[in-house]
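So, here come the structures, one by one.
Consider the two complexes below, in which chain A is the common component and chain B and chain C are the respective partners.
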Partner chain A sequence: MNRSLEQGLSELYLSNLDMIGEGLPGRLNAARSSFLESFNLSPLPSARDERYRHCDLQKLFAGEWEHYFTPSPEPGQARNRLPIEGYWIELYNGFCPTDDALVVLDNGIIYGSLRVAMREREDLVLKYYNTVADNDGESVVALNSLFMQDGAFVYVPEGVSASLPFVLSFEYGTNDAAQMCFARSLVVVERGAHADVVVSHQSTDNSRVLVDCVRESIVADGGNVNLSEIVRMNGSSTLITGHYLHQKESSRADMLSVWLRGGTTRVNARHDLAGRGCESNFYGLYFGTGNERTDICMTVNHLQPDCTSYESVKGIVSGEAVGAFTGRVYVAPDAQRTSAFQQNRNLQMSDTAKVYTEPQLEIYADDVKCSHGATVGQMDPEAIYYMRQRGIGEEEARRLQMFGFVNDIVSHCPHDGACDFVRELAEARINEL
Partner chain B sequence: MLEVKNLHCTVEGKEILRGINLSVRTGEVHAIMGPNGSGKSTFASVLAGNQKYEVTEGEVSFDGMDLLGMSIEDRARAGLFLGFQYPVEIPGVSMANFMKLAVNEQRKYRGLEPLSAGDFLRLMREKSAIVELDSKLTSRAVNEGFSGGEKKKNEIFQMAMLDPKLAILDETDSGLDIDALRIVATGVTKLHRPDNATVVITHYQRLLDYIVPDYVHVLYKGRIIYTGDKSLALKLEEQGYDWLINQYQ
Partner chain C sequence: MDENEKILDDITRQEYKYGFVTDIETDTIPKGLNEEIIRMISAKKGEPAWMTENRVKAYRQWLTMSMPHWAHLDIPEIDYQDIIYYAAPRTTPKYNSMDEVDPELKATFDKLGIPLEEQMALSGVAVDAVMDSVSVKTTFKETLAEMGIIFCSMSEAIRDYPDLVRKYLGSVVPYTDNFFAALNAAVFSDGSFCYVPKGVRCPMELSTYFRINAAGTGQFERTLIVADEGAYVSYLEGCTAPRRDENQLHAAVVEIVVMKDAEVKYSTVQNWYPGDKEGKGGIYNFVTKRGICRGENARLSWTQVETGSAITWKYPSCILAGDNSVGEFYSVALTNNFQQADTGTKMIHLGRNTRSRIVSKGISAGQSQNSYRGLVKVSKKAVGARNYSQCDSLLIGDKCGAHTFPYVESDNRSAVIEHEATTSKISDDQLMYCNQRGIATEEAVGLIVNGYAREVLNKLPMEFAIEAQKLLAISLEGSVG
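Here is the complex of A and B:
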């Protein structure tokens, strides 16, 4: 009889449990058995699972995957790094370099390896770690928690405004064998504090990687975070990301995610507005060419009154690419005076490209202002004709129309230092379409 | 400058232009009038190269070139401008970016260097003054949220920016109030020179109070059935087209 995927992964964990837990707090390791249990209780979803219709995890995890329990050597080749000055945390296949120390600034900011932080600031880290990620609902999250050995940690103490952005640079590459990686990050912005965080996920070579990545971000009362993410994975990679954001009273989050490329990209994002008077803005942009597949599931939970959320996700798909967006806005019974807006707009460049879009509202309060919308459109031949009549070449006119389509997303980049770069990346990607 | 001979075209198998002959020389102003549906916009679109229309017969030379063999953009770069009856919105593309690209593509075609940022801004300012276009509009997306009048002014602004040899203005005067009409018409008059030519497609005599045409043509069922001087426009306004159509039939 064939071993199930779950059995295989459980055995992989059980036979390497000492290595996985080595050097990490005992109570963290003790908790792993519950993740093993929840992972075993809810198997990896296949396309038969409604929520994973466009992203069959059974298929993606099938086959032989190497997994290494120690940091692999960094690649030699030159990489297109983010040209951002900041507090950098560099990770390779989910690990920080072994000798990295945790950085503690005079103003109390702490950043660096999550592993080192767990060792040196155990109480602080474990106060927040795994408090907002959905280990019970998502088996990939439980799987990440099971195998977690390292990651990135950012802590901005009460009232402190970080003067530079934190750059969380996740790079993946194996040089040869197909490899499974687990990546983790934890961002804590305390009361009245401010942080800019730029996250990058990037392949360093053409090898197959399967990345199961989880990020928890916690913004305390009156805190403020600008959070961007830039994804540049290769065409044979799979990136499964869980983004969990928890906002407390009067906090604010401004987010931009740009999924430029990747074989299969699955996003599970959940934004909890868990205090009164929060504001949360999310702008997302994805591109799909060839056989690329992007599947974005976003939930915004309005749990308290007087919160505002805005989400706009746009996509351009060509070739045989698949783009899927499932958006859900939930408004709890007590969350009066909620204002929520969610939209997904897509540009379908070829008949063979597919777009599935499904925004949903689930409202249990009566005094709310909520709206949502979804569109799938093609290039506008009238606009192309108009531009050409002014002397602009056909290719250029098509590009200009695509720039116009993505412009409002890209122009909402929340970091001064990164915006030009994000725009250049988007423009370069459009030039390839 | 423009020589149209026996031009026929069809759309979805239906013949719309049925043998148009027209000759426009440098320095001239021509008006094309005619009842709704007679083919005026179609004629303008065929000259601009709109691929919706299939040319089935005839020839067009523009500045000695075979116009019908050229791409839409090359016709524009060679100096043909069409003021659209219904200008198109391009979300997310600012007027400034759009015009910068258009101006520089046209300059490239003529072997000129791209304009510097400073020269371009100066040109924008100078030309938007011609049609009293609010400078705020040039920072907005192309035609997006523009009023009807602003869209028409914007067409003339673009014409001023691109300085074409031949401008074909398709009902640039319709839907304008008296003030906007004065501004648009005065703009067109200012842009007319002995070394270029203008074809205005219009329903109304009132535009021709400003832009005095050398010739007035009446288009009916895809043919030019009558050509006169500026007094023809006045007569058409007073008496309508019936007398001409009856005479033609």
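Here is the complex of A and C:
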């Protein structure tokens, strides 16, 4: 009988247990057995699982994947780094460079390698680590927790406002062999604190890489976080990300995610509004050409009264690309006076492209204002006609319309410094379509 | 205003008024399901061999299937061996005038509010009244027959028009389609059959009343409507059921075939017994309804008002195969107390320039759960497909739930699909406005709900619209304050 994928991965873990846990706190390693258990209990979902209809993890994980338990040497070639001045944390294949030290600023801000942070600030890190991620519900998250060796850590203490953005730069490259990587990050914004965080996922070469990424963000009472994410992976890559955001009372989160390019991208995002009076805004934009697949699965949980959420995700797909969006707004019983809005708009540029959209509302409280909308369509021929009448060529007119379509998202970039850069990237991408 | 007050007054005092048992001897078979039972049902109905074989085939298929659990419903385990699959009034009467009808049976219909004579005179509606699965009376048959329209019970159709039935039965909902369709294909007891020939506009609205009577019997209706080229028919279906403590299963199948240039309007007011205020009893309404627009310019419109049943689980669907065909779905689903509903539609665009429109209004009150689930699928060849969906939910009370699960799948770049949904409660401003003008809160809620559902109610034929308005208010009884 063939070994199942799950057996293979479990065995890989068990036979490298010592190497994985080396230098990490004992109680963290002790907890791994429970992740092994939850991973074994819930197998990797296949397309038969309703939530993974457009992204078969069994297929994605199938085949031979190398996994290295030590940091691989960084590539020498020049990379298209984000032109942002900030507190940088650079990771390669999920690892920070071994000689990196944890940075502690005068105002109490701590950032750097998660591994080092766990060693030097064990109590602080473990107070938050794995408190938000869905280890029981998502087997990829349990898998990440099982194999986690390093990652990025950001801590902004009470009342502190970080003057520069934190830049979490995840880069992946393997030179040759198909490789599996685990990326992890933990962002903690304490009471009344403010932080800007920019996350980048980028391939450095054309090699096949499978990334299982988990990000936990915790915003305490009255905290405020701006989170941007820019994804530029190569066409043969697979990026599976789990974003977990936990907001406490009167906190606010403004988010922008731009999935510029990638092979297969799966996003599980969960925003828990766990205190009264939270506000959460999310803007997303994805592009699909060739055989790219983008599958975005977002849940916003209104767990307490008086919270507001807004989500807008737009996509442009052409070629044989697949774009899927599943959004879910959950309003818990007694989460009264909730206001929630969710929309997904798609431009379908070719007959071979596929668009699936499932915005969902699940509401158990009555004093709410919730709405959602979804559209699939093409560019407005009348608008193009209008522009052509005024001497704008057809190609240019189409481009202008697409610029307008994406600008709606890009203009909400919460970082002044990154805005122009993100817009340039998006416009360059449109020119390729 | 007076009219509205009267309606609300009527309804707020009522318990489920159709809860009574008619004491008519019924001819039942033993509980349970096996091949023998199926052959017995077929034999009792005097069916030809091909029909018996169809049933057995469906039963064998059913054995290989398991009950689906994806719906947002909490369904208690159903013991399919604990159901009596066939119940018919012992003697199948055939009458020429109303006087000959069993007085007890006549009284039942009167209590139901279907005075046959009056309806015949007033509205020109032909009523094929189905009681416990066997059609006992068909009216206006002669008028229809003159125009070549066939409107009869399914058993008669199998006997008298076997070619038509064989051609269309199972062509839209095959027995392999789903668990309940297979079950229905195996055990269906009776139902209605309607065939409108080429170029004929049916001059009256056809209507059927379904009614579950004998305790512990499932109702497995099978309806087949065929509108040939250029034909038009409007079909009404209404359901009421007597009060029972034991849950009863209703797994019907409705198939509609719409040919070139034809149009079918199918309207339902569903008011099966919803269970009492504690959520005890009630009907499980698991129905497969599907129509196909086979030819060009075909039109199919579903209108439903769902107020009854403990659990409602159905998706009246349109397969838009013909070019330029149009599918419509208008729905009001109201749940109160412990009712659950997971309902919506599927619009499958296959032909060119096909259009569909979905308007769904959900109302949840008490501790009920009300979900809209709908699929809009545009296939590769459906150039120029257009869909607009609007799904609104209204919440009354803080213990109920309203959920929206739309599925949009587009394989064609020329498709234009729009979906929007809103969920809210009746705003305090609206109530305040009514209160200021001397309208009590409960009345105001009735007014607002009727206004909210008007877009759908307007699509119903007049008699139904009035009944539906009343039903909405009855069902909301006690949910305010």
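Just so it is clear, the second predicted complex is superposed on the first by the 433 of 433 C-alpha atoms of A that agree within 3 Å, B and C clash if a C-alpha of one lies under 4 Å from a C-alpha of the other, contacts with A are read in each partner's own complex, and residues count from 1 in each chain.
As a convention for this text, contacts are C-beta pairs under 8 Å (C-beta built on N, C-alpha and C of every residue); 3 or more make two chains touch, one makes a residue touch a chain.
Keep in mind that this is a model prediction, so the values were computed, not measured.
Within the superposed three-chain model, A:K369 lies in touch with chain C and out of touch with chain B [touch as defined at top]. Of the two partner chains, chain B is the only one touched by A:E382; chain C is not. Applying the stated contact rule after C-alpha superposition, one finds that A:G63 touches neither chain B nor chain C. In the superposition on chain A, A:E394 makes contact with chain B only, not with chain C.
Of the two partner chains placed by the overlay, only chain B lies in contact with A:D408; chain C stays clear of it.
Touched residues of chain A were counted for both chain B and chain C, and C has more of them.
According to the touch criterion, chain A has no shared surface contacted by chain B in one complex and chain C in the other.
The part of chain A that touches chain C in the complex is made up of residues 50, 333-334, 336, 346, 348-351, 353-378. Residues 48-51, 71-73, 75-77, 81-82, 84, 87-93, 97-99, 101-102, 105-106, 109, 141, 158, 162 of chain B touch chain A in their complex. Residues of chain A touching chain B in their complex: 380, 382-383, 385-394, 396, 400-401, 403-408. The part of chain C that touches chain A in the complex is made up of residues 70, 72, 378, 380, 393, 395-425.
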